[in-house]
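A short worksheet on the structure shown next.
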Amino acid sequence: MIKLPVSANNKAAWAIFRQNKGAMIGAVVLIFILILAIIGPWISPYDPARQFTNKILIPPIWNPAGDFNFFLGTDDLGRDILSRLLHGARLSLQLTFTVVIIAALSGILIGAGAAFLNQTLRSLLMRVMDLLLSFPSLLLAIAIVAIIGPGLPNAIYAVVIVLIPQFVRITQSSISDELNNDYVMAARLDGASSQRLLSHHVWPNITPALTVQLTFSFSTALLDIAALGFLGLGAQPPMAEWGTMLSESRAFIQFAPWTMTLPGLAIFLTVLSINLVGDGIRDALDPRLNR
Amino acid sequence: MPNLFSAKSLTKSYRVSNNPLKQSQLEVLHGVSFSLNPGQTLAVVGESGSGKSTLARILVGAESPDSGQLYFEGKNILNKKHKFEWFKNIRMIFQDASASLNPRITIHQSLEEPLRNGTNYNATQRNDRIAEVLEMVGLRPEYAKRYPHTFSGGQRQRIGIARALLLRPKVIVADEPVSSLDVSVQAQIINLLLDLQDQLDLAYVFISHDLGLVQHFSNKVLVLNNGTQEEYGPVSDVFSQPKSKYTLELLNASAGYKKPV
Amino acid sequence: MGLLQVENLSVDFQTDNGIIPAVDRAKISINAGQVQGVIGESGSGKSVMALAIAGLLSPAATMRADLFNLDGHDLTRMSAGERQKLISNNISIIFQEPTSSLNPSLTIGYQLDETIRFHSGGTRKQRYEKAQELLLQVGIIDGKRRYKEYPHQLSGGLNQRVMIAMALACEPKLLIADEPTTALDVTVQSQILDLLLKLNEEHNMALMLITHDFSILSETTDKVYVMYGGQIVESGRTYKLLSQPYHPYTKALLNSVPHYGMHYRKGRRLFNLKGSTPSLDHLPVGCYLGPRCPYANRKCVQAPELRTLKGRKVRCHFPLIEDDS
């Protein structure tokens, strides 16, 4: 396993990141959401699938008609929304995490391989990646699910495929840039093999770019998975997934708006905080902004 | 007894166009030959575009020549089976020391690389050798824990020299080792190189455009102009009785600025 | 009456880590038609001083001077606009990297024409003729062809000639050349210096040569200023200063580089200062050279003042003058 170097550069980056108010707020919110996702199943009051048939569409407690047993109210089948949101947080973040990790690993491997391919093969591979990148990510994901059929596993494959090209491109271009540097030639003359050159000399220099890409992929993946769920192409009911919850409650937006607003708010907050953190990381690691 | 290090009619050209149908070639080296013995310094002199950096890269094995031979202790090192000997015995000092050090790994990690590949030392032996070499170039061994950006230009060039020395080479190719340094620091590095030559009986190939330094530093000189070897011989002969017009022009231009009369 | 007289010129840079003094109380005076040299290493403040004199400092810098007389006008008593106008009419500056000082996407002709239009105006035809005349003056013979070309089509030496032509368009009384030949090959270097001296003679244009290389100053300049850590540490007539430096730093600059043509024993160790040039935000206490100076003793923790010694100015407690007495 390659370990990330904690260098003086990283300390300076952290100092810049800490000064960025938006990024710090984002980080705090994100950590809060992550904690909720981890401990969610233990603190959630009820089973997310349990139906209280006599407690249908109860509003949240701040509404006079609210019920203290159901903090955020219930949906059309009498399921506790708080419990569903907590379980959904875990499911959504788990899915996102898996998708991003798989996409990042395969993307980085392909990109690293491409950097060492010969000119013709590399051009060919990169043009294929450009082709995939030219579609909006959600549209491409929908197209892929439409081909391989709806359902959660297929939605995951689709989002993975959508995310891979970004990693390939950024890995390949950063490695190509780094390979032109003198220190790479110096390491070659020190007898380093291509593999060692990549893992010990080039890798620490491309991690900043990849870290930034990783954070932004998180928000893309989260949104795409939720969107596929909403369109009925991803997670299927009765699964407590944020996108699916949105789509199930579509019919009640007129008279039970909380059923739709609450999962929407959860998605919004998570994506916003990831993006704020991503912006902060990008500013902190961007060498052009380093003073 | 063969020479320590010698080159016979090296040539190198680059493809200028990416178009595979167009075969336009740019010849950057055209028949370069020299020989070098232990403790000697060969200076390679030329202006920008003369091919002197390409020659340096060929000598250390970063590029391969189109034709010609390179001999180390009588063995043709362009032959694959002598590759390891080449890499251990002929090492390079870069012009820009800060660019040749990886900014995100420590000095120790950078210096460990040649020892990993060139010796079968264990971790302790590697540490000892790194400490020893850092002291040889006038740096404290504990500096190895630091990152390149915490050093001054002169210190970085010392690290570059340490890296070249690690494997106990016999020849060091130095590509303009002081041209990116401040004037008052240049002298430290030149003195260090001279000290090391005395101690270790090193042979230097010293690439430079500064004839003052060359005259001070070298035994032999090779003048390159547009990839062609204009002149080659002992410094005293070449500088006192240049045979080619180009050398004369270069010498005149370098002798400080003279007001035209 | 001097062309330019500056006294106690200080330039400070405002940064996140506090104020950095880039130039500290510099005193410069140049007469019309005189050639002077400023020598120093990177970070010595020589380029900042040049920019300050040419009125080209960045907004992050603040500049103070007790006296700033240019061509008989007192600039300290002028509004910023008037000062800028007077400076741009009298002082031109050229830089080290001619290729990056020119806009790569505009032709030589366009850039030259723009300078002429800005400075003296005239019809398109007049300006074209003026441009051709300037190109001829700086030794570009095929001016008609070069006029239509882009900077990347010209060599470094030719680009530097174009820069000089653009500087001449303003008919300056003082031309500041900041390392004009450092980026060029040695054989081109002497051509550019020849050109600068020829223009100095023909136009009676004063010349301030900024460099780190003594070898180009010895025959060109009348007077030399040596800068270290933002201060002028020694100044005086070139010949005397080079033959007998009083300041240890000047001696180090002269002796640390072997000059071609001077004969030493091969392999002699060079005179050198230990350590490296201090950065301007971490200057040592007292004499800035103190920690590196082989002659330093306890007194050097007090900052030396610039004092006059045998017609020369030296900033040192222990000038090397005793050596020969």
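Order as written gives the chain letters A, B and C; numbering starts at 1 within each chain.
In this text, a residue touches a chain if its C-beta (ideal position, glycine included) is under 8 Å from a C-beta of that chain, and two chains touch if they have at least 3 such contacts.
Please read these numbers as outputs of a predicted model, since none were measured by experiment.
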{"item": "Chain occupying the most central position, where position means C-alpha average", "value": "B"}
{"item": "Of all other chains, the one whose Cα centre sits farthest from chain B", "value": "A"}
{"item": "Chain centre separation in whole Å, for chain C relative to chain B (CA means)", "value": "33"}
{"item": "Separation of chain A from chain C, taking each centre as the mean of its C-alpha atoms, in whole Å", "value": "56"}
{"item": "Distance between the centres, which are taken as Cα means, of chain B and chain A, whole angstrom", "value": "49"}
{"item": "List of chain B residues in touch with chain A within their complex", "value": "57, 60-62, 87, 91-92, 94, 96, 99-106, 109-110, 113-114, 116-118, 147, 149-150, 163"}
{"item": "Sites on chain B touched by chain C in the complex", "value": "47-48, 152-155, 182-188, 190-191, 194-195, 198, 209-217, 219, 249-260"}
{"item": "Residues of chain A defined as touching chain B within the complex", "value": "5, 7-9, 181-183, 185-192, 200-201, 204-205"}
{"item": "Parts of chain C lying in touch with chain B, wherever the complex brings them together", "value": "41-42, 185-187, 189-190, 193-194, 197, 212-213, 215-220, 249, 252-253, 255-262, 264, 266-274, 276-277, 292"}
